[in-house]
Amino acid sequence: MTPEALGSRRWVIPEGYIPPGSTGPAPQMSSHETACLLNTGDADAHVEITIYFADREPVGPYALTVPARRTLHQRFNDLIDPEPVPHDTDYASVISSDVPIVVQHTRLDSRQAELGLLTTMAHPIPE
Amino acid sequence: MTPEALGSRRWVIPEGYIPPGSTGPAPQMSSHETACLLNTGDADAHVEITIYFADREPVGPYALTVPARRTLHQRFNDLIDPEPVPHDTDYASVISSDVPIVVQHTRLDSRQAELGLLTTMAHPIPE
Amino acid sequence: MTPEALGSRRWVIPEGYIPPGSTGPAPQMSSHETACLLNTGDADAHVEITIYFADREPVGPYALTVPARRTLHQRFNDLIDPEPVPHDTDYASVISSDVPIVVQHTRLDSRQAELGLLTTMAHPIPE
Amino acid sequence: MTPEALGSRRWVIPEGYIPPGSTGPAPQMSSHETACLLNTGDADAHVEITIYFADREPVGPYALTVPARRTLHQRFNDLIDPEPVPHDTDYASVISSDVPIVVQHTRLDSRQAELGLLTTMAHPIPE
């Protein structure tokens, strides 16, 4: 239960895609992409997400706070300011924080009756 | 068959979620989250897991031993002391060991008839 | 929204396999392997992919451009010059760029009615 | 198409489990665990795999060769010397090579009618 802030200040996720449809009860079974953020330190983490696209300039920053000693599982579906993340569109993301955090990427795809799941650690940028 | 202890002493898994239901025969097909720990060294690994939440203070440590030259595939579902890990709740974990180990994270989701699987290496903290 | 080029100039993906069949509407649900490339920098990335096989010499380079501040989710199915990537065949890939990028690997397998998904970061080669 | 040997000489995979059953046509749809090995260099890679268990001493080495500039997608199901890898049993593996290689881990689980897939890079041990 160390208060040390573990991880890196910048993380990259090249894969992003919110499936255009879902089956099953919302919101648990809604198709979604999630960035799981963990802040193990004693100071709140002020996080900014920038979204990159195939054919236009990046959008952001999307501002989030991960309180000290807390995890935030942020659905990209729920990012709306400055603008919603489009569905059925390839995107990528860079996640920056003022203190070290750790970031993991997960997608649940329920376009078909049986869900698909994928996950990976985001790519940490060395300090 | 080297006796050298490979890996790192601290690992982070930001994603944690035990699905609230299962289909199929237990325990093989029960929805579960697992931390796969490998201790390649000649000394037992004394491991402590701390669980982080979105809205309350971390819980732990959960104490485990991975004997020398053994692997332990520990289901988070089975962690009960100091308290069970809640289902249908976002969490994250930090895994600390007194000797280097390697940690991989896996989830089997059998809420629907056909299982979903995900895995990733945990994020190692450099010594 | 930093213009800094993040990542590494070389990435490795040992796993490659384009399933021989699909179910569901094309192209979204076609079985495919994808390399998700993100170029966060202000200069276009000139990328070369080399494909390795089990039983013959490597093929390539396949040339791609990822424009500045853009992501490209490139299906291996769509690589045709110098030759198409064969289906139902084990392969591997090395991705080289003249500027740092980040690479993530994804497969959608729709041979059966319900899709299978997998992803991982490619393995970065330190500069 | 560089002849440089990329990667690391040792890799660790804490997760290992060959499901006890399959559905669908063999061998493509048989439940299996695979280590995908890529040798980008100009010298053959002589590889040794050691298998670790929960409750007995490690077994190995299993000897493989990955020829120069080739990939080998080795199913753990097919490792038989010094002894077959048991099914329905937790295991882990360490993969050692005399030259740098890159290793990725994949499982296809076809116990149920629709397949489950997972993958991750193995954990590289720094030289």
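Points to keep in mind about this one:
Think of it as A, B, C and D in the order they're written, each chain with its own count starting at 1.
Definition applied: a contact is a pair of C-beta atoms (placed from the backbone, for glycine too) under 8 Å apart; a residue touches a chain by one contact, two chains touch by 3 or more.
Since we're looking at a predicted model, the values are computed, not measured.
Using the average of C-alpha coordinates as each chain's centre, A ends up farthest from chain D. With angles rounded to a multiple of 5, the C-alpha fit of chain A against chain C returns 90 degrees of rotation. Shared numbers divided by all numbers used gives the overlap of an interface; between chain B and chain D this overlap falls below half, so the copies present different residues. For this pair, chain A with chain B, the centres built from the Cα atoms lie 21 Å apart.
In chain A, the residues that reach two or more other chains under the touch definition are 113-114, 116-121.
Listing the residues of chain B that touch chain D in their complex gives 1-2, 6-7, 24, 28-29, 34, 36-38, 40, 69-73, 102-104, 106, 108, 113-121, 124. Contact residues of chain D toward chain B in the complex are 10, 12-17, 50, 52-55, 57-58, 60-61, 88, 90-92, 94, 96, 105, 107, 109, 111-114, 116-123, 125.
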